[in-house]
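Each of the next two complexes has subunit A plus one more chain, namely subunit B in the first and subunit C in the second.
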Partner chain A sequence: MSLGFIVPLGFIFFRSFTIDGVFTLEGFRSLLTSPLFVRVFWTTLEISLIASIVALAVGYPVALHISRQSERVRSLYLIMVLLPFWTSILVKSYAFTVILGDAGLINTALRALRLPQFEMIFNRFGVLAASTNFLVPFAVFPILANLLAQDPNLGKAAEVMGAGPLRIFWRITFPLSGSGVLAGFILTFVLSLGLFATPALLGGRHDMMMANLIDFYTRDTLNWNAASAIAVILLFTSAVLLLLLNRVRGTEKFA
Partner chain B sequence: MTVVELKGVSRKYGNIVALDCLDLVVEKGEFLTLLGPSGSGKTTLLNIIAGMTPPSSGRVEIDGRDVTDMPTRQRGLGMVFQNYALMPHMTVFDNIAFPLRVRRVREQEIRIRVAEVLDIVNLRDLGGRKPRELSGGQQQRVAIARCLVYKPSLILMDEPLGALDKKLREQLQLEIKRLHSDLGVTVVYVTHDQEEALTLSDRICLMNTGRIEQLGTPHELYFAPETVFGAQFLGESNVLTATVSESSSEETVLRCSVGTIRAPTTSVATGAEVTIVVRPENIRRLAPGECIGNELSGELIDTTFVGGVTRYYVRPDNGSVLVLKELTNRTAWAAGSGKVRIGWSAEHTLVIQNIAGR
Partner chain C sequence: MNSPARKLNLGAIGKPVHWRFPLTGIMAWSAFAFLLLPSLIIIPISFGNKNQIVFPPTAFHWDLYYLFFTTSTWIAATTQSAKVALLSTAIALTLGTLAAYGIERSRLRGKQLLLVVLLSPLLIPGVVTALGLYSYFAVIGLSGSTTALVMGHTVFLCPFVIVTVSAGIKELDGSIETAASVMGAGRFKIFTAVVLPQLRPSLVSAGLFSFLMSFDELVISWFISGAQTTTLPVKMYSSVQTETSPILAAISTMLTILSVIICLGAEGARNLRKKAVAADS
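Let's look at the complex of A and B:
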């Protein structure tokens, strides 16, 4: 298995530093000076950042609610969170065209009610909606793990001391869940850096992301050197973030 | 003055009865221990007083007010947990200040009061530390300080020393006892450790299978157990079944498998089946011909030397093994001594009436 990973990866590394077998940094140099790459890079960061934050904002209350259920109800809720998680991202992105498209569920309903309709696909909104949907389970799990690991006696102790539910949440539960939120953020951010199908299907011209750019270089311009260099940059960014995630996990019990 | 009064409190979990129609009164300034094996209902009882478990039936009163339906946070109690339950992200100071901030006390006064209780629990200079930087014993003292700081009328302690090693546990027991007598707080304390209960309590409420087995001073529970369970749970006991053969105003004579046994006078009728209990420390080794009221001969089976005390296991000619316990001395019987004589005076025979269902 490792052979199946390492050989192609080595090949990509080799390609990113060579043109026709000769060592060169030309691939990286041309990328960093290419306005296209710089724009796609910022777009990617922007979409990833917004989608991750929205996913966390949606996922936190979900995780909080699940953490307060009995074990039986909790497993039921977990299945509900996991179902979309097991569905292919391609299928989910298509599903969003059915919901958000011009002839989709929402716009049809708006039209029937004689209300103004919105363009919700082939633009930034479509990409963000679909990628947030994809990311929510990845935000829920680290937060839920953290909440379940919190000592239930802390809440009880605070309650005996007279604290109300809001104070218990903001002074105890939430500050203690910081490492779970951070882990969830890194995870969702790294995942969204590599999004390909969602921006391809639901994005417009201005929503191209890094993975789409790789696709463009390999298939349209046949510039394998530049495509490999982008892959290496993407891999490097993800690796740094995942290392950070490891550090967060390692310090979790002392948080 | 009464601090807590429970009236006919029951708690059922499905078909399981955790507490069975229980009445209990805790007086102001009292140290009451709920003692019992796991599953006896002592923690359930504590949670009902705290308001974290609602009773299935019955009423709970605190300071004369019916609080049965009052949420925990309005009851104004203090609680100490076995695992300390300190907020790990807050300093010692902030942990102790927490209940004061809930009560919207001014920051200036908070500083004075936190310093005061830190002084009381001997942690003067540790206010800036995080709980994880303290030892278990120190953490538990912080938890106690966090209770003392807002002066609740009642402090509940749920096996607070259960996670500490023996030496530290004994030291903190003395400290809790000192705090209790110095500050006059009312404490309801849960433990399964009989020595801890005997050391700390004004009264012990011995619990078994959701009922109060016996309620009384440590002295009463030890010297006058009302049930076999009580006799066996507090201290060690030799238990024999016997029949009352003669009952007079001077003494009671009983017959059992090991022979005739004399006991102090009781109200039990002649012919009744009873249980007799003899504490190992009340049984003595006898010199040949010595008579002290109850004498038995038997075979010495085993001797264990545990430092300050030595135990002897003797099987009487007819009956099961009896244990006796003596302060270690140089005249100890060697193992394999064969036939020996043991005995105890009549006043040390405890006669317990057999109650149906127990």
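Let's look at the complex of A and C:
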């Protein structure tokens, strides 16, 4: 059964190193010298980095809040994270086009109030808003797993010794959650490297990401060699990061 | 240095930890709003004006739903998605459950490696899998067919089924299988009469979520579907930019409701398992 997955991957590797069946590194060489690819590569890294950091910043308080509820209430809160998690990314992206668009909800409201309007779609802002929205649940889960695994006696001990809640958080809870945050970061970063629908629907020409470039080479220019070479680069980057994630998970047992 | 903060707070002993700051709550609720509102805002729009998006809607009608159910291309795409989702879920559930059982109950030497290979499609960018399947199907002449879509989705679903069902198998008491074996049951009999019935809750939730994942899947379908085999997400994706009518609001609302139903169904299956465990002990 795993053949079903390995064979297609084999095809990508084969195509990325060959043109008309002849071995060549031309695909990689021309990619690395192509201004389009280099730009898209950096755009992808930039969007992924910002979106995953914002997702962690949004997700951390959620995880913290959920971790402090009783078990009954916790499962109710979890539904509020799971529901967006299981909502189609197309629905979410469409929702953002409706909210952020030029004739969208926010701009219409601003117009009604005679305030200046903003361009929030077909640019970096739109991509980041929708990507962050997609990534937050993936940031919440590893952080929550870490927070729940922490020994509650540490907090109690600190409280007995007179530490205030803020101090307990900064000196105990937060430092201990480092590995959860790191796991969340790698997970969200890898997921955003592969974003496809969001940059295509909410981004402009300058927000094309690697997945969109693969699509462009495959459909519009029929350059399978270049498309496969990008896929290999994307695969390699993700694999290295996932191995790192495995390391993080190995040191700290959770999830 | 005798400030009150430095004193031992003996009252805290024995109390459950309940240091919470209102700020965390406010931030968490803002995050929930950010997560949920976009999809929720679409719902009133879907019952609203037919030709353009007006918010808040000035009228209430079912026009957009009517439009969806009377447009043959939308119905065809929805039927296609349902067909692909049902078939690929059925195949992935069968293969995935067998693989999960095989891995959990065997002492294979390459077990860890096998597991990594089996689970890798879960985290590898979907576009990589999609491109691989696309060039593979093009070579074997299946591109654009429903068969290709079902196979592609099966590859995409299997790892998820394996993870979910493995978790269920880990909770099983292996000695029941040993007992069945002692009493003379063959391996096949043990699997069908002892293991599968106990796994029902995991199988239900794996099946439900697999269906949803396949029904909502865009990237693989975008690469390998043809004009005759367009799935609902592919049609949605290509019409977000071109469609002027807010019909997508109606479709999005229905997809959100589908997600809610499936989450509730899986939650029900989970509770069923809890009850079964409680009844056992």
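Heads up, the rule we're going with is that the second predicted complex is superposed on the first by the 251 of 255 C-alpha atoms of A that agree within 3 Å, B and C clash if a C-alpha of one lies under 4 Å from a C-alpha of the other, contacts with A are read in each partner's own complex, and residues count from 1 in each chain.
Going forward, contacts are C-beta pairs under 8 Å (C-beta built on N, C-alpha and C of every residue); 3 or more make two chains touch, one makes a residue touch a chain.
Only a predicted model underlies this, so the values are computations on that prediction, with no experimental measurement involved.
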Once chain A of both complexes is superposed, is A:Ile47 in touch with subunit B (first), subunit C (second), both, or neither? neither
First (subunit B), second (subunit C), both or neither touched by A:Asn133: second
Subunit B versus subunit C as contact partner of A:Ile121, first or second or both or neither: neither
So in the superposed three-chain picture, is A:Leu147 touching just subunit B, just subunit C, both, or none of them (first/second/both/neither)? neither
Pick one for A:Val248: touches subunit B only (first), subunit C only (second), both, or neither. neither
Using the superposition on chain A described above, determine whether A:Leu56 touches subunit B (first), subunit C (second), both, or neither. neither
Classify the contacts of A:Ala197 with the two partner chains as first (subunit B alone), second (subunit C alone), both, or neither. second
With the two complexes superposed on chain A, say which partner A:Val160 touches: subunit B (first), subunit C (second), both, or neither. both
Larger residue footprint on subunit A, choosing between subunit B and subunit C, goes to C
Following superposition on chain A, which residues of subunit A contact subunit B and also contact subunit C? 156, 159-164
Can you name the residues of subunit A that touch subunit B in the complex? 151, 153-154, 156-164, 167, 171-172, 175-176, 254-255
Subunit A partner, complex, touching residues on subunit B are 50, 52, 71-79, 81, 83, 85, 87-89, 98-99, 102-103, 132, 146, 150, 156
Under the definition above, what is the set of subunit A residues touching subunit C in their complex? 1-2, 4-12, 15, 58-59, 61-62, 64-66, 68, 79-84, 86-99, 103-105, 108, 133, 136-137, 152, 155-156, 159-166, 168, 187, 190-191, 193-194, 196-197, 200-201, 210-211, 214-215, 218, 224, 227-228, 231, 234-235, 238-239, 242
In the complex of these two chains, what residues of subunit C are touching subunit A? 5-10, 12-13, 17-21, 24-25, 27-28, 31-32, 34-36, 38-39, 41-42, 45, 52-53, 55, 95, 99, 114, 117-118, 120-121, 123-129, 131-136, 139, 151, 154-155, 158, 209, 212, 216, 218-219, 222-223, 233, 236-237, 240-241, 246, 248-249, 252, 255-256, 259-260, 262-263, 267
